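First, the structure itself, so that you have it in front of you.
Naming follows writing order (A, B, C and D), and every chain is counted from residue 1.
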Amino acid sequence: MHKKEQEYFEIIENIFKLVKAEENLGETANYIPELAKVNGEKFGVSLLFLDGLQFGFGDCDEKFSIQSISKVLLLALVYSEIGEEIWKRVDVEPSGTPFNSLLQLESDKGIPRNPFINAGALVICDILIDRCKNPKQHFLDFMKKVSGNSTIQFSERIAENELATGFRNAALTNFIKSLGNINNSPEEVLDLYTHICSIELSCKELCTTFTFLANGGKNLFDNKQILSTSQTKRVNAIMQTCGFYDESGEFAFRVGLPGKSGVGGGIVAVMPKHYVVSVWSPKLNPKGNSYRGMKFLEEFTTATEDSIF
Amino acid sequence: MHKKEQEYFEIIENIFKLVKAEENLGETANYIPELAKVNGEKFGVSLLFLDGLQFGFGDCDEKFSIQSISKVLLLALVYSEIGEEIWKRVDVEPSGTPFNSLLQLESDKGIPRNPFINAGALVICDILIDRCKNPKQHFLDFMKKVSGNSTIQFSERIAENELATGFRNAALTNFIKSLGNINNSPEEVLDLYTHICSIELSCKELCTTFTFLANGGKNLFDNKQILSTSQTKRVNAIMQTCGFYDESGEFAFRVGLPGKSGVGGGIVAVMPKHYVVSVWSPKLNPKGNSYRGMKFLEEFTTATEDSIF
Amino acid sequence: MHKKEQEYFEIIENIFKLVKAEENLGETANYIPELAKVNGEKFGVSLLFLDGLQFGFGDCDEKFSIQSISKVLLLALVYSEIGEEIWKRVDVEPSGTPFNSLLQLESDKGIPRNPFINAGALVICDILIDRCKNPKQHFLDFMKKVSGNSTIQFSERIAENELATGFRNAALTNFIKSLGNINNSPEEVLDLYTHICSIELSCKELCTTFTFLANGGKNLFDNKQILSTSQTKRVNAIMQTCGFYDESGEFAFRVGLPGKSGVGGGIVAVMPKHYVVSVWSPKLNPKGNSYRGMKFLEEFTTATEDSIF
Amino acid sequence: MHKKEQEYFEIIENIFKLVKAEENLGETANYIPELAKVNGEKFGVSLLFLDGLQFGFGDCDEKFSIQSISKVLLLALVYSEIGEEIWKRVDVEPSGTPFNSLLQLESDKGIPRNPFINAGALVICDILIDRCKNPKQHFLDFMKKVSGNSTIQFSERIAENELATGFRNAALTNFIKSLGNINNSPEEVLDLYTHICSIELSCKELCTTFTFLANGGKNLFDNKQILSTSQTKRVNAIMQTCGFYDESGEFAFRVGLPGKSGVGGGIVAVMPKHYVVSVWSPKLNPKGNSYRGMKFLEEFTTATEDSIF
């Protein structure tokens, strides 16, 4: 362990304890019954340097539902295959408030504002269905390719659970289809979408899986090029401007790293050319991002003075 | 000149010629009569390295109206004086579409989404008026402090011109006042705002003036600390997420540097710890950003492979 | 025939010829394939006085798809059974522009603005499903009761046709369900809704069916009380303020009678205590109301000087 | 007094006592300081039959600020002079929710939805300024013409009071001007508007003033034709669909007469060919309409079974 790595270890250890000692505010996501059951006090952190060194604290080996974090991997998969064509179907702008998402779809003729709002991910699912016979298997194959982990599976339990209650996503899919930007049946699109969101990873696995985004598009473990350098920067740019719903500006402002959150309470962020850091704590703030996760990352980049800016 | 600097010189020279040779699309801003008169074919570029070396091409020494670029300097001034207090009056989130800005103000109780939309800059003007006897002079003093140029003046011609036609800004100011987030009279706020937007700088001067944002908050020429390191990163983060209206995501995606544009056709961008780059070309794309400016910066960061991501 | 009736006969005959002679602008509804096939030049008119006298001109005996006109009958059925309870689930305000309907639903917690926008009729379908075993048969029974016509059937051809392309309605139903104001499955609600909209009547039959709304709530042919006097006035009031989407104010202004239109090109209007008038012409104006129907009714009430105001 | 008139006298007397005995909910308008000072318990009612008989109960002779009720008179004045031309500058559709009024103005290119929202009345003020040298005097002259009362004056106290705090109206005026539908300076338009809204009348005077709208466009006292029959019906139609902000549907539904309310707590309604009724009680419900006024009118038309529907 280098001196700098030693410092990071101590910084993370301290902040982890500090944040754990403070009151844990927020609520676990309650609109997906399976997520509501998760113990809200779970708290894990991991950091993986590009030289291969990885730390982990707390519940860093416990798998959790990564939910919307999957949208980055879905984007990476389809972007790697069809390149800039993808932007004919989805835009790269922050969406402002959640409140206007349906309005925007209408005035933008069914083109979602970015790939990380539900509308955007649903459209990318539709592209995937158009392109392959078995889109679920194709996504799993990609997950295995970037994570090096051949045991990754969908959680049928969570996928079903969400499908049964996901009337808002069904509304969105039907609405986009009525505007002409979905080709397949709403049922197929929703089925793929909920499966993709159902993936479970631990903090440690999440770091490994996202390494290519810190590493110029290449896996660390086998040096495979997943995205080109330019595409990698672009995915990071979209994470920076759109990764945290209507708290994206706040995350850029306070944390200063590209990242993505999910309603399961996970957050992953990358410091390009240096490391990937992930955190998991299920209680969410009112904007739908992990309360402790946001707090941890803010303290972390304040202490290390890391920021892309 | 170092070898790297030599390379940049050649890259810029080539791209400048290339973009100049292509058709110059877009329109000069027509709602401010003085700006509509400007020759749309003007085209200047400048780059200033933090070691002090500066290049310039084309009309890089001609002054132009920096308009909204001033909002970054207004923010820097007030942020340096009242610190994090400022965020009680204005938020740091991208605004999504122009179309919903008034709606958002209402649902957000008069708190503008960020300091770089007109609503946000008007509120910061109001703070400045509350804090000092002669806010215009105070702003000029700050301009002189960061630019090292004691001859900077407001363009009364442009300020009056905009005041006379600025009914949209008058609507905005009265609306925010009705929501309780403006203390002073709309007339005073609008007068200060239009003066601040009337500043004229050349591309070269623009680079010098923005150097502190690439340099950890310090001036290059006299080493004065304008903003703390952390504040500097935060201003850069806001430029990244909110600097180009509803093309902010696109700019992060294509150019990958924090920056700010103005309807006068100017754009300035910073590569933290390395350089400031500015470009001026008055014809604007439909989103209100310089057509050639956007093109130049995209080609430039593609060629240099520079990006914060 | 009384003298006044004789006058009306001549007025209608003249206006019918006049409107038929003019150019027939507009387009037949094209989003429902079966409706797009209808001959756009069809034109029928009927008027039924409360003394039983009925006129008819042109294609007044040809059945057409009454579409949204059915929403009045759906409202009357459920209102007659559950009374003022119904207003807990749907409001009575005009909706303004089509453009904000989804937004309004969200801010109004799933309570549609009125029973005559699709959202409102979908919620009333949901109430009907909750209340009876065979809601389709129950609606047909009501249709028979008010029309005196025991042969009325759903058009399965049109119902299927609409269901297959009705992604916008599917979006709406799922959205309202996500907001908690639909109890049954979206599929069931949509199935009932599309069947109710599939009813076909001729202009003459339409007059008979709506007679109770001109007659203080009573059928003419068998004197059965369908709605109380007060309920009847209230249904007429809602037709007046909400019967023509965002052309409701225009209809009140130009025609001055409570009425309801459908995208099949039908319009029915009532002059309380005097008569029911109906018109059918499939080409629609940009607001979705029959081009010739609007024209005919405006000329008609101008000539007769009838108006409730 | 006819037998029917005797019945109405007793009905009104009873309902007046009943409503007075119940708790008086709501709040007096607080954004205009002068209105906030008014005694919230004031309660007056008047009814004027077209045969000239007039009743009055409670504070029916006390003048109050009629506020938005003036918009009907402003419309009548300008409509009588320029006819259907007026509809090029303002529409006749209900506005839906208050919440989207600014949005609608933008998408409708500065054409207000109807003459009874502030935006609409401001535009009509602008037309009046364009048409005459002394628009204030011209309006007073019209007021005298329809009221038969030559002592009517603006309340400078209320006009100034509102101007000083009317930032929302200033926002609206500037916004419409930026969209091109106001010709004169915002100051002039606002000055005329606030004067027009400052008129004070008693319930009895209000009935007299609005008689022409119940009487086919003619004054009762001197038989002068103020509006044509057709124009009169149209103004009544707009009152019905747009007279009570986003409670217009509710008023049509519950009361069933065309009418108009003001934030001073006044309401006037007409039963065409029969009578004018007015009520004043300063406490407002959450939609900005008189709490007791709405209650009184609902009970009144329930008891009399009067309704235009």
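Note that in this section contacts are C-beta pairs under 8 Å (C-beta built on N, C-alpha and C of every residue); 3 or more make two chains touch, one makes a residue touch a chain.
Nothing here was measured: the structure is a model prediction, and the numbers come from that model.
The greatest centre-to-centre distance from chain A, using averaged C-alpha positions, is reached by D. Between chain B and chain C the centroid-to-centroid distance comes to 56 Å (mean Cα coordinates, whole Å).
Computed centre separation for the pair chain A/chain B is 32 angstrom, with centres defined by C-alpha atoms.
We define each chain's centre as the mean of its Cα atoms; on that basis chain A and chain C are separated by 48 Å.
Residues of chain D in contact with at least two other chains: 99-100, 103.
Contacting chain pairs in the structure are A-B, A-C, B-D, C-D. Looking at the complex, you find that chain B touches chain D at residues 99-100, 102-103, 106, 167-168, 170-175, 177-178, 186. Within the complex formed with chain D, the residues of chain C that make contact are 91-97, 99-100, 103-104, 107, 113-114, 229-230, 232-234, 236-238, 240-242, 246-250, 252-253, 256, 258, 272, 302, 305, 307-309.
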